[in-house]
Each structure stands twice: as structure tokens, then as C-alpha cells.
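What follows is a set of structures to go through.
Both of the next two complexes hold chain A, though its partner changes from chain B to chain C.
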Partner chain A sequence: MSEAVIIQRPPQPGLFSRWRRNLFGSPLDCMVTIVCIALLAWLLYRFIDWAFISSIWAKEDEPLCRETHGACWSVIDARHRIILFGLFPFEEHWRSTLACVVMIATMVASCFSWFWSTMRISLLWICGFGLFYLLMRGGVLGMTDITPERWGGLALTIFIFASVSIIGMPLSVVLALARRSKLPGIAKLTGLFIDLFRSLPLLTILFTAAVITPFLLPGWLQGDKLYRVIAGFAIFFACYQAENIRAGLQAIPSGQDEAGLTLGLNYWQRVTRIQLPQAFRNSLPAIVNQFVITFKETSIVTIVGFFEILASGHAAYGTGEWTPHYIEVYVFIAAIYFIFVFSLSRYGAYLEKKLRVGRG
Partner chain B sequence: MTQSISRTFLSVAASAALVLAAGTGSAFAANGDTLKAVQERGSLLCSGHNGSFPPFVQVTDDNKWSGYDIDYCRALAVATLGSDDKLKVVPISWAQRFPSLQSGDIDVVIKATGWTMGRDTELGIQFSVPYFVGATNVMMPKELGSTDPETLEGGSLCANAGTSTERLAANFFKSRGIEIEMITFEKSEETRDAYFAGRCDSLVGWGPNLAVTRQSAPNPDDHAMMNVALALEPESAAMRQGDDNWVDIVNWMFAATWIAEANGITSENVDEHKANPADSTVEKLLGVSPGIGERLGLSDDWAYNVIKTVGNSAEIFDRNIGAGSVYKLDRGLNALWSDGGVIVPMILD
Partner chain C sequence: MGSLLRNRKFREIFLQAFVISVVAGLLIAMVINAKASLAAQSLTTGFGFLERSTGWDFSFSVLPYSISDTYRKTLTIGILNTLLLGFLGIALATIVGVIIGLIRTSKNFVFSSLGTIYVEVFRNVPLILQAVFWYSIVSHLPRPRGAISLGDAVFLSGRGIYFPTFNIGVTAFLLMVLVLVAWLAFLLFIRDKIPTITRKKIKISGWIAMPVIWLLIAWTAYEPGTPLINVPALKGLNFRGGMRMPPELTALVIAIALYGGAYIGEVVRAGLMSVPRGQIEAGFITGLSSRHIFTRIRLPLAVRAVLPSLTNQYVQLMKATTIGLVVGFSDFFMIISTSINQSGQTLELIAILMIGFLIINLSIAYVMNTINRRIALKGYEVKG
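Entry: the complex of A and B
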């Protein structure tokens, strides 16, 4: 054991003096800083004025919108139900709301490490997903039957994202392992499958799933359009995620696997105890990135006629007096997207920190 | 209707799907199939939109479909199933209209769809009689004093870049020897904002779209439409090729609303007319004397139900596009011929 070395950092200048040196070091620096701050302050003021000071809030005040230069949030007041629920029947909105709450709670719960065992996480998702579906679809317990073509808005976006993640994530692990298989046939075929799907745009995959497959598949295999689209989306997601996971697998030194072999561990033990935990840790940023991209790409399903949140937004401002107020609707939707994506990426950052524990 | 690049791309994809459909042989319907399928299913599947296309397809504050095209979908549901509760509007995008029709996802497309030869012959689609005429027109401020094209001599025109309306407008003014400066923009929101900001003296667009734009102006009454249209496009319902009975039903559904209007029958007074038919046409229309139902495979009171539930063509127009709506568009060419329009009801014998 060596003696403890006392590490002393060189003295650091305080925050204030550092700022003063960097921002106001010379007359030119001063000028640039002041101009930039003034510009930022002006832009911020313009935004605050638009969004809060000169804006109109109530539905009834719509006529005032024509006179102000501020935002017309009346459109949100009048039409937020369309953005949030799409074409879901008006009287049943409590079901859609409750379903969203259940799904978000499930997502949040699965972020806690207590649920991170195969049994617990499966049980959680089966319950959460089942409850969501039951509330949305109805048909039991006196709730009217609402078929998926009437689902919409935020609820549909969340449903598509959650289903794609649930189907796509296990599939991506299988694909990543199969591509590294020692059996050349399986490795080659999986590689071909992944590269085939990665070389097609998501739009064409969704269009094929929604429109062309009914011509090719027998009736009993078709299912609802929504499920076909989710299946296509999930395969697309899995192909990308598989490559992320494969990158993580390849970063593990082969000696570790060999060490496992000498200890007499079988394939599944080596995969679940040695390879996958490290692969996830290695490629966590890329994996979270793929989730973020997928959440945002759910808006592409509007092209095959689904009323997800962006299409609902279009419908919200696309009538009578609300047509000029598309900016307000887009800002509202952007805020919703931001809340979801920002929490997702913060959670990713938290996970990275947590998993780094013990790694130095 | 103008086409953006993404729509063109999707149309190509859609056509590919249709070629495939023609190859597998499922694209064509046999005579009477569609009505049978609708009645067995107990619901009519009609085209909606992925978003909204005011004033044809839009969503009300309480999350229900409404609009001019949706009202005709309702009328068709009433005609075939007796009630508009049985209408199911399927949200589809523009590019999806025809593939969805072929694959049986919907029974009919009533969605501001122009009757073109390519669609009629190559896509395996059959069109109804035109139920709406869409005029490409020019909007200008009322303060110019006149709505003649000559008023714009030496002025400027805002248009969407690279669209058919831009070319139409250029040709129109050139052929009349009117000097006009074209100012084009990529996005229709930009074009609209440029006109209202006074960057140009006039704005060209498809009639109903223009009406919606005008309605959203700071002061809608300050703007007027030019008194000559640049071009007309007939809008028809589209159905699968081969089911003549279904085409007949859709055609006569439109005709029933026109004949009702021509005879002054509205949803309000239809019962009085049924009790006291003025002539044999009204008798037939309202099912007092038989004929209108049996020949189509429907009940004799289907047209009565349509008028009672949805109203005649004047009421449908007024409610969705005209004075009864926020858009306040003149009926113009979409009036009956007797009121100076181009709509000619077929003869009920």
C-alpha cells in the first residue's frame, strides 16, 4: 500500500472574476458582450411580450386576436381537446385522460431500479398496457367500444411510442445477438434483414404496412391498420437499436467471455450476466438517442391517416376562425414534445451517472 | 388543386400500390357488392382527412367530423343504412385515398377529388357526377373599386411557387394582355401573410381555400374575389371500378339533394311536401309513389330520409361553406342552373 497522496488543485479563480476576464477583458470584448446581451434581452422581451403580455387567453376573446400582435391562446382554450384526444368521443375523454396517466405512470415506474427484474418489469408493463388498452378500447364494464381509428391526439402518440418500444426493444436484443451468432447462416441472414430495413425510409415502411400489405396478406393475418403500422415501426426501431446494442457488445473485450467459458457458464448465463449488462452501459447514450428519435418520429404516422398529436394540431387550427393561429398550436405541441423528450434525455443522463458507479 | 413535392412522391407510391392491387386482382368490385358489404357490416366507411381541409373536412370543438364532404358522407349513410349514426369516417391522407378505396378500407372517397382521365382510366376508379366545381380565383382588396381582371393592370399577384395555380394565373393574365408582376413564395402561410401585409395587390388560389384565407383576414369584408374564374375543376366522388349499382346510388344521392332544392323541399318542410306532393316528381322523390328505392336496391323512403336528416343541396352548402358558416362564400357556380350555376339535376322519371 502506498502512502496517501494529498492532491491539491491549483487555485481556481472565482466564477465572477472568470466571467469578468472572459467577457470584459478588452474594450472589444466588452462591446461584443454588451451587443450580444442586448440582442438576447430584446429577443427574450419580444417572446415574452408575444406569449404573455400582449396575448389573448380566453376562447370568448377571439375577436380581440385580430387587433393584438401577441399570441392568440384562445385557440388552445377552444381546441385543446382535439390536440389531446383527436377524434375520441367527447363524452369519453375521461377514459383517454386516465389511459394517458396510467401509461405515463408505467413509464415513470419502470425508470426505478426496483422494477429492473424480468418478472417485475414484465408484470408492470402487462398491467399498465392492459389497463391503457382497456380504457381506450372499452367494450367491457359498461364502457362503449371505441375502435382504434377514433383514437387520437396525445393518447395515440403515447400508445404508438410505448408499443414500438415494448416490441422493438426485446427484438433488437435478439437481432443484435443473432448478428453476432457463431452460426454463419443466422449471422448473415440477420445482417441482411437489418441492413434491408435500415436502407428503407420509415415513411415507405409505414406506407407499405398501412396500404400495401392488405393486398398481400390473407384477411385473417391483416389485423387493424394501427397494429400493422406499429409492427412495421417496431421492426424499423429494432434494426437501429440492434446496431446500437451490437456496438456495445463489441466494446467488451473477448477475454471476458472466455473467462466466463472457463468458469463453465453456458451461453445464456454469459449473455445475461456478462455481455448484455455491459453492452447496455456502453451504448446507453445511443440507446436513449434512439428512443428520443422514435418519440419524435411518431408524427410520421399522420401520413397514413392517423390522428396523432401533430395531425390533431392541424385539425385544431384547420377550421373557421382558427386558421390564422397555426403558430400558437405548433408552440403548444412543441411544448408537449419538449416535456417528453427532455425528461427522457434527463433520465438517460441520470442512468449514465448511476451506472458509472463502481467503474471509477 | 396544387400539389406539393411530398404529395407528388406519395402519389407515386400510391400508384405503385394500385398497380400491385390490379396485379393481385382484388381491386375491382362486382355489381352490387359494395351495397351488400355496407349493409352486412352495418356501417358506411367514408373518407376523412389526416388533419383538416376546411370547409370540406374538419373537426368540431366536440371532436366530431363536419364539413361539406362529410355531410354528403352522412347523406350516403342515411340512404344506404337509414341513419347517419352508422357513418364511420376513416382518417386518410391525400395520397392514401385511392389505395384505401381499392383495399376496401373505405367504401367511397368524397374528398374534394378532381375527376381526371388518369384516375378514371389507369387507377381502376369510377367517378360520380361532379357535385362541386372548384374555381381557381384571385382575391383582391375591395378598395380597388372593381373586381374586373383589368383592375390589376400594372399591379402584383402573390402565388405559391411552382404550383399549377401560378402557371394558370400567368397564362390567364398574359392572354388578356394584362401586365402583372408575379411574387411567389414557397409556403402557403407565407403567401397568405405577404398578401395581408400588402406586399402584393392580389392573391391567387383554389376558391374554397381562398375563402378560408379571406375569412381569416383582419377584416374579411375588405377583400373580394375577381369576377372571372381562371379555371374550373369538377370534384366527384370516387368508387371502385365495376360496381355500377354503387355508382348509381352515389349519383342519385347527389341528385336527390338537387331535385329537392329545385322543388323547394327542405329538411324543415319535407313532411308537408310528403303529405301534399306538388307533382309526380316530388311523389317519386319522397317515396309517395314507388320507384326511387327499388331500382337501386334501397327502401323507397331513402331520399326522404336524406332530406329530413341532412337537408337539400342549398342547406348543405349554406351550413358548411355559405352564409350559415363562418366562411360566407358565394355559391356562384355551385348553384343550380336555374340560379345561374352549373349544377343540373338529373331527371327522376
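Entry: the complex of A and C
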């Protein structure tokens, strides 16, 4: 006969009493809570009033903007195509939209762990990126040819982000492995390269790529300014990402690699089957975080003269009647960035939590 | 030959020699190519141009300057401008960050959610967008005539913010700062070289001597007959007197302080959370008040846990100052890029830029790491 052992836990305070203790534990707490709630409510009210209640929406209503204290979204209504598409030909905007949707879908899909194998993820990104480029560039299937100089707005931001990722990710793996190489010559050289790039601001690297490299490279190798900047950005990204991956590699217990050695696996087998999968798992949050930072940093290309979403925002309020409404334009662009960056960073936090499970 | 290739040692040496010679070859090819393209534009290489006068103007300088200054002086001004921006931005970002970190670790979740909202809003929008946003706000402030006055001493206008200053000149002021910095550096280094009691005496006498030295400097630099405090006042269409903080600098400082504050706030929060519960509970048991638990236990331990990641944030923020170009602030990078346009000495200027940033960043890292080592507690380690 066995009796069920009932483990008695000390009584846990319920949600309500926990709230009451944290929020109204002492007179000071009461005051802080009330002041904060009032402040939050006031902020929320002011924001909703500004953005929704007192705001003007249609572009025809622009004259009304002077009489209200709310937002004048007319500027977005009238100029959103400039902000989103830049100088892309008007009739072809559907292509730019579709291309962005494809690329965003690719990014979202790569967040699912089903795709996390070298084969699947490369195939996904090559297809997604290829389709994006095809839609943007055209020239086939009856679509007119639109050269990258005329790309702009959100599509250019996404293009730069995607190409930096697609070039930078494999490069970062190579750099991380080279820096951990047993051959001192290669390890030192890679270390120097990575540290040099990491110690410089991104802007100086983009500037060098845009303005200086034509001096350094022979004419046939220079390529378009956009591609040079993307190459510089990708190297910069890879140097940071390589350090994240290296940290992940270092966290692997040496027994893992030694087990591979005793099984008679060669270097590439050990790297691809034992080291890299574990390294990626170890440093996945840091890797996602680097993508978050990179997405924000794409805005810096506006300084070296590209018409990405920030520059196209400038253009959107730059003409005549819309100049007073710069705040609305900036809030609109900030909201777009916020949606991308916030969801990506939330995803990073979710991964961090999920990967911690089963590690003790 | 076949046996040589199968020899592992040989293969390794051969591979390394191959990689290194390819890299060296690429570098040499680039230099040759650069020489050829410079020769095609009939430009001379070398650093001789540093002594030429520039002949162009820029927006802001901490030192008095003219357009006939040499490139050497102009570049120095650029570095000083960057340092000023970086210093103001980082100092304010630290203050904001500490406040946000404290708010976010509050037990009262309504209170801490204010901090969370702040962090999420400011961290998830690119710095450069925040900079242009603040720039358009600051430069749309009213003209000097309608400037917003704070106690008739500080004026906010679209031309900049005007502060009252002491009438002692820039050199004297820089000297005062230098004395303070030297003293702080000294304090950092005398630790554990001198017995505690002597150290305390030195500390106290130093802090007493500091205002005296300052007064002495101020007194020597002060021109008799002028008012001691120089208050800005509206004369005609603009303000006279006082000190002007141009809108470019103001916007960048605000942007860096708020953006950096969000990041530093997270670092501070992580530091405060990393203090083991047992340490705090031990404080309760010994009967310390919650204020003492915070100032004597939690804060000192958190500061030690935080320093390495704080160093990293400072270096990142210093690098981020280069976006000053987007609002037209004449920082080091903008001076360099204008110099390149004007003089064509591309390679030399890029080298100066890279070395300049290396020195600035390495110095930050050096100072912070020294502090980190000096204040480290022996035999105790907080997990960061």
C-alpha cells in the first residue's frame, strides 16, 4: 500500500495581494503608484488625442491642420509613396510593395526553427532575395528594367539589410573559424582585421567604401557605389557577428570536439556537425541582437547619399505646403523602424528564454 | 614533392605563407593603384598639406579659429569638437541611464513600467532618426526676439541655447578642467600604494585645495573692469554675451543622451539585478536601513558588475558621434570629409581619421579598465 506524498508548499501570495503589497505597501508606494498612473494616463491621453482624436487624416484637409493641435496625417496621406518607394516609377510601385512583402515573409519564415539547417535557410534566403531582386530590378517577364539608382524608401532599406545579412552571415562564420584557427599566422591576421573594423565607426567604413575605394581598386572592380557600400557594411557586420559566433564556439566544452576527434571525424566534419550547431545555439540571442542593431544602422547610409527611408522622409516634407509637418513624417518613419526593430528584439528575448530551458 | 604535401607541418606553413602573401599582395596592389590614380589627378602624397591653410569655414569650434588656419589646427578642432560632443553625450546618457535603471528595478511595477516604456521607445528607433528629429525641433524654436527665457539667464532660441558664463576665457576654463581631471586620475592611482590613513589625508587636502586652485586660475585670468558673470542679452536681432550652444550640438547631445540612456539603463538594471539576494538579505539581518543597504551593498557591487559593459557602451556612443554630419555639426568626421573634398589628400586623411578614432576608443577602454581593476574586490566576483 502506498500513500501519495503530498508536498506542501508554503502558501504563495495571490496576484491580488502581491499587487497590493507592491503597489500600496507603504504611503510612499501609494503616492508613487497614483502619480505614475496619473502620468501614464495623461501621456496616453495626450498621445491618443494628438494622433487620433484631434488629428487630420485626408490630404485635402491640410488647411484644417492649422486650427488643430493634433497631428496632421495629411502629409502622410499625400506623400507616403515618396517615403515608402522613393524615386521608384509610380506605375511600378506594386512591384516594390510585393518585393518588400516577399522579403519580410522571408525574414519572418527564418524565425521558425524548421528552417534552421544550412540547406533550408540558404535556400529560403536565396529564393527570397532572388525574388526580391527580380521584382525590384525587372527587365524580364515584361517588367521594365529599373536600375538600383532609382530604388528608394523602405525597399532600399530592406534591400541593404537583406544583402548585408546574406553576405555577412557566411563571411562571419569564416572569420570566426579563421580567428580560432590553430595556425597562428591566420588567427593573428584575422584578429587584426576584425579588431580594426570593430574599432571604427560604421560611418567611416561606409564613407571609405563609397568615396575612397575608387582610388584603391582598378576600374573594372569598383562596381556601383551602392554595391561598394553594401560590401563595406557586410564586412563590418561580419566582424561583429564573427565575435558573437566565436563567443559561442568558446562556450562549447572541449570534450565535444575531442569526442569528434576520437570518432575519426576530420576538421570540416567536426566544424559543421559539432562546433557550429552548438555555437549557433549558444549565441543565438547575441546574433539576433546584432541583426537588430544592423537594421537600425541601415539608416546611416543616408549620409553617404542614398535615398533610403530616412532620406525619402526628408524629401517628403521638404516641399512647400508640407514643411511644417516634419514631426508627423518623423513619427511615421520612427513607427516603421519601431515595428521592425521591436518585433525582432522581442523575438530575440523569446529565443533567449526558450533556449535557457533544459540548461538548468 | 608528394611526400612534402602529405607532411602536415609543411602544409600548415605553406597555407599560412600563402594567405599572408595574398593579403600583402592585395595591399601593395591597392597602394600602387592609389598612387596611380593620385598621379592621374596630379596630387602629391605625404603629410605636407597639414601646414597649408584650409580656406574654408565650418559650423562650430570650441577654440577660436579662422578660415586661414592650417589643416593641422582645423583637424585638432575637429577632434576637440568630437570629444566635447562625446563627453556631454556620454555624461548625460549616464545620468539618464542610472535614473532609468533605478526606475526599472523598482518593485512597484507601475513605476517600473514607465522605465520600460522609455527604454523600448528610445532603443528601438535609430539614433540618426532621433538626431534629425531633435534637430528639427531645436532649430524650429522661436527666433532670438521671441526666445523662451528661463529666469532671464538661459534663453532657448532657434539659433541655439544661450547660457551665462564667467568672464574668464576659454583657456582658463580648460586649465580648470585639466586640473580636475589630473586630480581624479591621481586619486585613481594612489589606491593601495599608500596606507589608508595617509590616503584619506591626501584626499581631504586635495578636495580642499581644488576650489582654491580654481579661484587662483580664475583670478589670474579675470580681466578687471568687466562684470564677473556674462549674461546673454538681446541686442538687436541676436543675443550678445554668454555662451551659445548651437542647435546642431544641442540636438546631438539630446539624441545621444536619450538613446544612450536607454542602453545604459539596461546595463545598470542588469548590474543591480546581478547583486546576489544573499548580500542584500545579510544587510537586512545586520539591521541596516534600506538606504544603507542600497548605498553600501547594492550600489557598490552593481558598479563593479556593470563597468565592463558600460565601457563597451561608452565606446559605442563615442563612435556614434560621427552621425553629427547629418545635422551639420563639425565633428572630427565632418572636418575630415570636408578636408578630403577640399584638399584631395584622401589616403592621408583617412589614415588620420582611423588613428584618431583608435586613440580615442583605446583611451576610453584604458581608463575604464583601469577603474575596473582599481575598484575590483579581491576574492569576490559578481556575475555580470
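Please note the rule applied: the second predicted complex is superposed on the first by the 339 of 360 C-alpha atoms of A that agree within 3 Å, B and C clash if a C-alpha of one lies under 4 Å from a C-alpha of the other, contacts with A are read in each partner's own complex, and residues count from 1 in each chain.
Heads up, the rule we're going with is that contacts are C-beta pairs under 8 Å (C-beta built on N, C-alpha and C of every residue); 3 or more make two chains touch, one makes a residue touch a chain.
Since this is a predicted model, take the numbers as computed values, not measurements.
**Student:** Based on the superposed arrangement around chain A, label chain B with chain C as either clash or fit.
**Tutor:** Partners clash after overlay.
**Student:** If we overlay the two complexes on their shared chain A, which of chain B and chain C does A:Arg81 touch? Say first, second, both or neither.
**Tutor:** Only chain B is touched by A:Arg81; chain C is not.
**Student:** Please work out whether A:Gly318 is in contact with chain B alone, chain C alone, both, or neither, and reply first, second, both or neither.
**Tutor:** First partner only, chain B.
**Student:** Considering only touches as defined above, state whether A:Tyr326 meets chain B (first), chain C (second), both or neither.
**Tutor:** both
**Student:** With the two complexes superposed on chain A, say which partner A:Phe90 touches: chain B (first), chain C (second), both, or neither.
**Tutor:** A:Phe90: touches chain B, not chain C.
**Student:** Using the superposition on chain A described above, determine whether A:Thr204 touches chain B (first), chain C (second), both, or neither.
**Tutor:** both
**Student:** Considering only the touch criterion stated at the top, classify A:Ile212 as touching first (chain B), second (chain C), both, or neither.
**Tutor:** A:Ile212: touches chain B and chain C.
**Student:** Name the contact category of A:Ile303: first (chain B only), second (chain C only), both, or neither.
**Tutor:** both
**Student:** One more residue to check, A:Leu351. First (chain B), second (chain C), both or neither?
**Tutor:** neither
**Student:** Per the contact definition in the header, classify A:Leu189: touching chain B only (first), chain C only (second), both, or neither.
**Tutor:** Touch partner of A:Leu189: chain C, not chain B.
**Student:** Going by the clash criterion at the top, which of the stretches 63-71, 81-89 or 189-197 from chain B hits chain C after superposition?
**Tutor:** Clashes occur only in 189-197.
**Student:** Could you tell me which stretches of chain A are touched by chain B in one complex and by chain C in the other?
**Tutor:** Chain A residues touching both partners: 204, 207, 211-212, 214-216, 302-303, 314, 326.
**Student:** Within the complex, which stretch of chain C touches chain A?
**Tutor:** 12, 15-17, 19-20, 23, 30, 33-34, 37-38, 107-111, 113-114, 120-121, 123-129, 132-133, 136-137, 140, 319-320, 322-323, 325-326, 333, 337, 340, 346-347, 350, 353-354, 357-358, 361-362
**Student:** Given the complex with chain B, which residues does chain A contribute to the contact?
**Tutor:** Contacts found on chain A: 66-67, 78-79, 81-82, 85-90, 149, 204, 207, 210-212, 214-216, 225, 302-307, 311-312, 314-316, 318-321, 323-324, 326.
**Student:** Over in the complex, which chain A residues touch chain C? Could you list them?
**Tutor:** By the definition above, chain A touches chain C via 22-23, 29, 32-33, 36-37, 39-40, 183-186, 189, 196, 199-204, 207-208, 211-212, 214-218, 296-297, 299-300, 302-303, 310, 314, 326-327, 330, 333-334, 337-338, 341-342, 345.
**Student:** Can you check the complex and tell me which residues of chain B touch chain A?
**Tutor:** Interface residues on the chain B side: 10, 13-14, 17, 20-21, 24, 26, 48-54, 58-65, 88, 90-93, 95-96, 99-100, 102-105, 189, 212-213, 215-216, 218-219, 325-327.
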